[in-house]
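The following block contains the structure, expressed as structure tokens.
Labels run A, B, C and D following the written order; every chain starts at residue 1.
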């Protein structure tokens, strides 16, 4: 792994920016909001702030800063997420029960590590540079992943409160322009996907490799709320025939009748958003649906989801532009945006479920040591999502980016785009 | 129900004192500490502060203050504990997930209700006085109960943190005087127990009634840590023969090997206390044991627990003095204290489990209306405890006071005193 | 403990009769019916047949028959119920997963032990007689308890089958005579209850002891289905105000809306009985209700349940006659029967919940050794029932008999009789 | 779908043989053994016997035999497995609680349906032949799948009995010839896998399609017990570094320390087999391991599992010969057997886990109507296994056959073969 940032001051500036943006994301919160964990999937904001800091402390400062003293001997235990090879860690499902360290103490921890990191970066010898820079870059990409989790977790953690607290201050107007979804065909054949090694990528994105694709078509836009409501109204959640077996079991057990956060009031669908409870807008991409719901909708519509190879092949020429967390909106928009190929809303807005299980690419190798636990060990029971969401940073997403979640998870900004055989 | 406080200004002063003492109890906490709920048995501090306030708002202000406007329409839903007849309420086991209202907003709520209560009390007509005063007194007794729960819940909520945060600032020296436990005999016969109606009592304490007692003896002191360690070292937690069947199932399921909060380090017993992790002091009463552990110890010792009638009959002449929350220590002491009968540590220090299931007294009547839910509906699956603890207010306890918990509960300051047939 | 059967041949005959009656109870079953366990509360018929046999093997043959060889070395592990001091035992909730030993092998086991028991009894020396006879008597009383469990467990185990299999062959006509329930008053005062030591009794029934009773009245008849339906129709299962807190939680969690086994078809109540699915007869005592339902009904009716002392004091003169398992009907009848005091249906038909928690009587002592586990260790979280049911043997019941179950249990033939203060 | 059996009398004979072989498989059982269900994954033998019969009744007799009367109106409810479109069905996890219909009645049901099926087949008009024959063939393949489940489920259901009952009567000697595992390389490239439509195949096996493979090598033999024990002894079950995250969670939760059915006695590994408890033979393929264990072993060995495409590509020329259920042994053997390519034990012995998640093949189509539920709806959270086992019929397996189970399942005869990149 080699850093893609070759200039020292560029990396230093990047470090400052990414670390600062994390704090920007939480500046509207009350102290209490940092503490809770409303489901075992989410983590407290406080924990995210500390864990991303622990990452730099553990994998860089402790390794490369000879004089470094950890701020607190228990923080390794409290803020290690899942790196078994780095030692035991506090149970994930109890993170929301820890009142100490306090929020203020966590900010102190961030400052302490930032200061040491900045000193290390400015003093680093040339021979260590490559090694450390690549770890710093990884740490920043890691922090960006947690920025997205901070947004999705805060949304979930606040959502269970009947007071429906508002998280993001500003509202974005949604254009009323109605767009048409069309399907664009590809001949397939022997194509290449995966990261080619130029610029940063996670270990799970490469190597670039050949895949055979049969002819297929991909929808120009993700499925919208309006389209999804037709599925609901056609009895989608009551008709087993559309569902995977595990999905149908989940529908019955969880009593699902609509996407996460939707509530019906006076015969109208509302949804808890980062701006509070709002009417569901028919032109926005449907969001907070599970893989099971995506496949049930596709089956109802007589289509299917794309494989990740189809998605990447079709979309690899699209520009990285759209509705990202950089705008501090944290909600999909009804804006069509501008496609620079035939596809719209490829990046940003909503992650798009694919029908591909998350598996290792041919001849892929995980990172060495503890960082080998970063991605590879999650390769079971998860499905790949592509394209980033309104909670993703624009600088974090790539056409080859592979996100992954269990097929029943809904608290990410997850939607989908249809495909079909040709 | 009639108030036992007949002077207006006495009640007004009492209202101020009790309400203020609640806030004294939490003044060392950080904001984060107010939020969490580390088990379904405990509640967040924030919730206790609001719920006790809701009690006055609901049962007094809304009934007797014609112009009263509730501060927030949702607070009734959020802070009703279990009064089914007052409406639906937020699920008890999710109280620790509510970040809003914030701590500051809860203090605002307290002030708002205090102001209205004080105004109401000062303006109350004479004909309404009796009715309202008795409700105020009930509300204050209710708040004192929650003061005890605040202490026990904070202790539990902080205990799961590996940083072992300290709650109570000051430490109390423990005298090293070792005392002897002796048994004092009573002939029994037809005796009376229960509250006689003079002064405040809960509806579950009366009416005073006859009970036949066989000859018995009661121990001068509660069982100590030192004595309890002998039970542990004699294999107490490994020998089914001493245990109730449900108790033995609990031991195995919960993997109990000592009282709650005890940990063994370097072959020495330590215990998490309100002052942090401390060595277990052999002369302090054993504390944080369940009814199951109390009965197992008694069985091992060849004794039994007293019935609540025996306890009350033996102790009804004892003075209400001892180690209460008034001292802001919140930990049992090794001090023998001064008995004014043959018994020591009757009040304060630790609640004492009795072998009596919590049931209605003969000819007892619950309060009318919603307040009838206060006590009577809990009369199944619980055992009676007597005497108050180091987390109880001195002004809250009486010889007739009946506390009650499920036999597996340990997070209260609960110990026990032995009895035997004579 | 001394046997109440003093003649050798009486005991021998009793042994034969009781052991044979167990087999009579199951003679209509198919092999498959012996195997299953439809809830953790029930046991397979096969297990009951073997466990009662194990009791004689373990506590008598292994102790008093020098040449006795156990039939199989694993049967002690498989058929010990809960005697911790006799060794480990197969998990209770998995008994229904054991296909071996087969039913035929269990009958072989019964015969083997019967033969050895009969030989032992006929050869027993006079000095051993008293000791062994009292154990035999205990073993037979134990077997009678399991006869009742066989009936209630078979009923439950078959009830979950949508084919509604019939268990008991014959049907009993129910007289249509409608009776009136009246209340009979007692002055109370210092009375005696408990077993006086004449004739057989379990260790939990004695010693006879004084109890003070306030004036009270007891209903002449148990509550009927017709009366209970009024409670249902008045919203009894939807109104929290009538319920104990634990009871209300159970209603909601278990979605109770009627007694166990009741189903509504075409707006009519039916009930699964030992004769198959039948219309609920309004004049039969209501049956298969929990303590929670009994107290809710009583609260709705403005009455209460009797204490066990009140029940025993009022009913101790009643004759042991009524509808018992001896008639192989296994269903409460609408027949009033003949009271020989003011009370009807005191014995047989349905067990009657009392408001007394199951606790040790003053100065009571459990049996020594393993048999001390028979009763005493269950004295927590259970309520006392009195009077026996249609699944009880007439020769097994007494006015002092204390049955006990958790307050949420319904699979016994359990009903109730009302009381009130006077 | 067209039948691959074109002669009427061939199909009639096949029907007789397959149906009869099911009964052969259970002829050593006791009635009791047919009833239980020791985990929710297994089904009672009785249920399998009835369900396979229900399949013919539902999809053939009710559709094509105009005069057919179902034997019992409730059997559709009781013996439908999961076909939502055929109506509601009895809860899967309670199948072991049904004592009725009895075993004898289930045999009557089989005979009844057999008789009607045989009559239908002999009278079938030519125009209906193709349609019905293909359904009969599917029904027989379905029955063969359940034959395998009967074997694996009986094994599991008996395994929880401490008497370790023997299921299969005969023992097979295991040759002591030790074989060497070697790796055979393939260049990969653009290859074809999947069923080509000649002969019977399930809908999930086709269509035949192109796949790009990188160069790889596949092991000549499955991993053996002896090799697996080295993994265990090297701390395999204690070292998180080898495990998928979900796998490691399972290891800890289920307290796995060896394959299913293994027990250590006197420092020696034993395993419950269909012949009772036996010493683990080092030269037999390791069996009853989950996907998680297979991947952990592979990771420890510095290899990986093959994809299903690699497996099929490498093994498609191998002969279908080996250790199948036809021999009524139901246990993997240490015999090397005869490979007719470079690979041994490809078919029979143990199913082999692949690293491929179970997903639809490109351009695949599920069957129409209710039978569309046969395979496609299970395409989430499962991994593909290849090659059949000692519980599979020789006539049931093919190189293209795709079996699938959740990655934590172990009660099938599942092992694995290693692969590596070249």
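Keep in mind that, in the parts below, contacts are C-beta pairs under 8 Å (C-beta built on N, C-alpha and C of every residue); 3 or more make two chains touch, one makes a residue touch a chain.
This is a predicted model, so every value here is computed, not measured.
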Tell me which chains count as touching both chain A and chain B.
none
Quick one: which of C-D, B-C or A-D reuses the A-B interface, over half of the residue-numbered contact pairs in common?
C-D
Taking mean CA positions as centres, which chain lies farthest from chain C?
A
Rounded Å distance, chain A centre to chain D centre (Cα mean)
38
Centre distance in Å when chain C and chain D are each reduced to the mean of their C-alpha atoms
47
Report, in whole Å, the distance between the mean C-alpha point of chain A and the mean C-alpha point of chain C.
60
For a test of understanding, state which residues of chain B touch chain C in their complex under the given definition.
82, 84-85, 190, 209-214, 240-241, 243-248, 291-292, 355-357, 359-360, 362-363, 377-381, 383, 407, 421
Residue numbers of chain B touching chain A in their complex, please.
30-38, 46, 74, 77-78, 90, 94, 96-103, 157-158, 160-163, 165
